[in-house]
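For clarity, chains are labelled A, B, C, D, E and F in written order, and residue numbers in each chain start from 1.
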């Protein structure tokens, strides 16, 4: 019955997703007693212009000056 | 005020989504007293390589051998 | 395989949720060809202080003056 | 640590998203004491055929007759 | 940067969640090259009356007769 | 039409949420041309045992030794 949603920067291959889905499902079976048949895993590929941390889009991160709050 | 998110395997037509949205909204009006104007329905089309059950991506499901956990 | 998330103001009874879940599942079976066994519906009860529209929390809506943008 | 998900009709530019992400992050820093480094903002661009209000897809909204529930 | 949301039937202990979070994070590091510092995992404990499969709430599942669609 | 979901560590007051909802709505009006009436903001209060970063639950963060990946 567990449902898992994974939002990740686009560009992961199908092989990478297959390995992640298998590992995450195994973790829920092993640590939460889940029935593997009922574990759902959904991936959401997020484009760099659709993700921001520290107030800056990832697509603009490389060009940005050092973040002030990281300076201490 | 209800918000409904529907994650579904990609490939549904606009007609199918229109019918689903109408039915879901009607269900919330009828059974929860919702104002139809305030019911939001969002569809998320999920690609087969972005969805896994039982630890296997849907895109690899057909080629896979029978699932062990279904054997009992 | 469809997954449905319903965020709704808290206070719905179990009977209401049961009726909604049945109707939503039926809509996906009828209009999208879903296998009912694989339809997941999750409800998220949202408290009035955790929901805002037009910039105002629902918990403060009743006490608020008429919304300017509704005046026309 | 706050995570913010913004589902919005597709068509917003990267500049618009950059401005929104900056403002939302600032709001969480100012009003919730969040560390800007730990604020995540994710945008989800929703197509008009994937969004419905009042039981009608946005992609079919313009062609629709006036909504009955708005008449009172 | 990955964000993982895990919706699971309520009742898991903190120890179980700790083990799941560690395993899921490790899977993203190993298979997707994620920086562990940037992996966010959020659990959402779902009550039995807030989860339905096959159109029936989990809270009413035990009392229900065998599901027709499972019979074939 | 924008829908905004904010997942934040539990403990924010109603006043804080009111201020955040107002600011976020204003940001969407100003930068995305949204109609304020159609902006939905939902808060999800997350308990410390339901949130992990770097593979460790927040509820266990204080007791944890320094994170290895932060050492460089």
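Here, contacts are C-beta pairs under 8 Å (C-beta built on N, C-alpha and C of every residue); 3 or more make two chains touch, one makes a residue touch a chain.
Please read these numbers as outputs of a predicted model, since none were measured by experiment.
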item: Given subunit D and subunit E, the chains that contact each of them; value: A, F
item: Longest centre-to-centre distance from subunit F, chain (CA-based); value: B
item: Homomeric contact subunit C-subunit F: same or different residue positions, threshold half; value: different
item: Identity of the chain that, by mean CA position, is farthest from subunit A; value: C
item: Chain pair repeating A-D, as identified from A-B, B-F or D-E when over half of the contact pairs by residue number coincide; value: A-B
item: For subunit A paired with subunit E, centre-to-centre distance based on mean C-alpha positions, whole Å; value: 15
item: Centre-to-centre distance between subunit F and subunit E (centres being mean Cα positions), rounded to whole Å; value: 21
item: Residues within subunit B bordering two or more other chains; value: 1, 3, 7, 26, 38, 40, 42, 44, 51, 53
item: Overall pattern in which the protein chains touch one another (line/ring/star/complete/other); value: other
item: Which pairs of chains touch, using the document's own definition; value: A-B, A-C, A-D, A-E, B-C, B-D, B-F, C-E, C-F, D-E, D-F, E-F
item: Residues of subunit E touching subunit F in the complex; value: 14, 17-18, 21-22, 25-26, 35-45
item: In the complex with subunit D, residue positions of subunit E that touch it; value: 1, 3, 40, 42
item: Subunit F-facing residues of subunit D, complex; value: 1-9, 12, 16, 19-20, 23-24, 26-28, 30-32, 34, 38, 51, 53, 58
item: Residue ranges of subunit B in contact with subunit A within the complex; value: 7, 44, 46, 49-57, 59-60, 67, 69-70
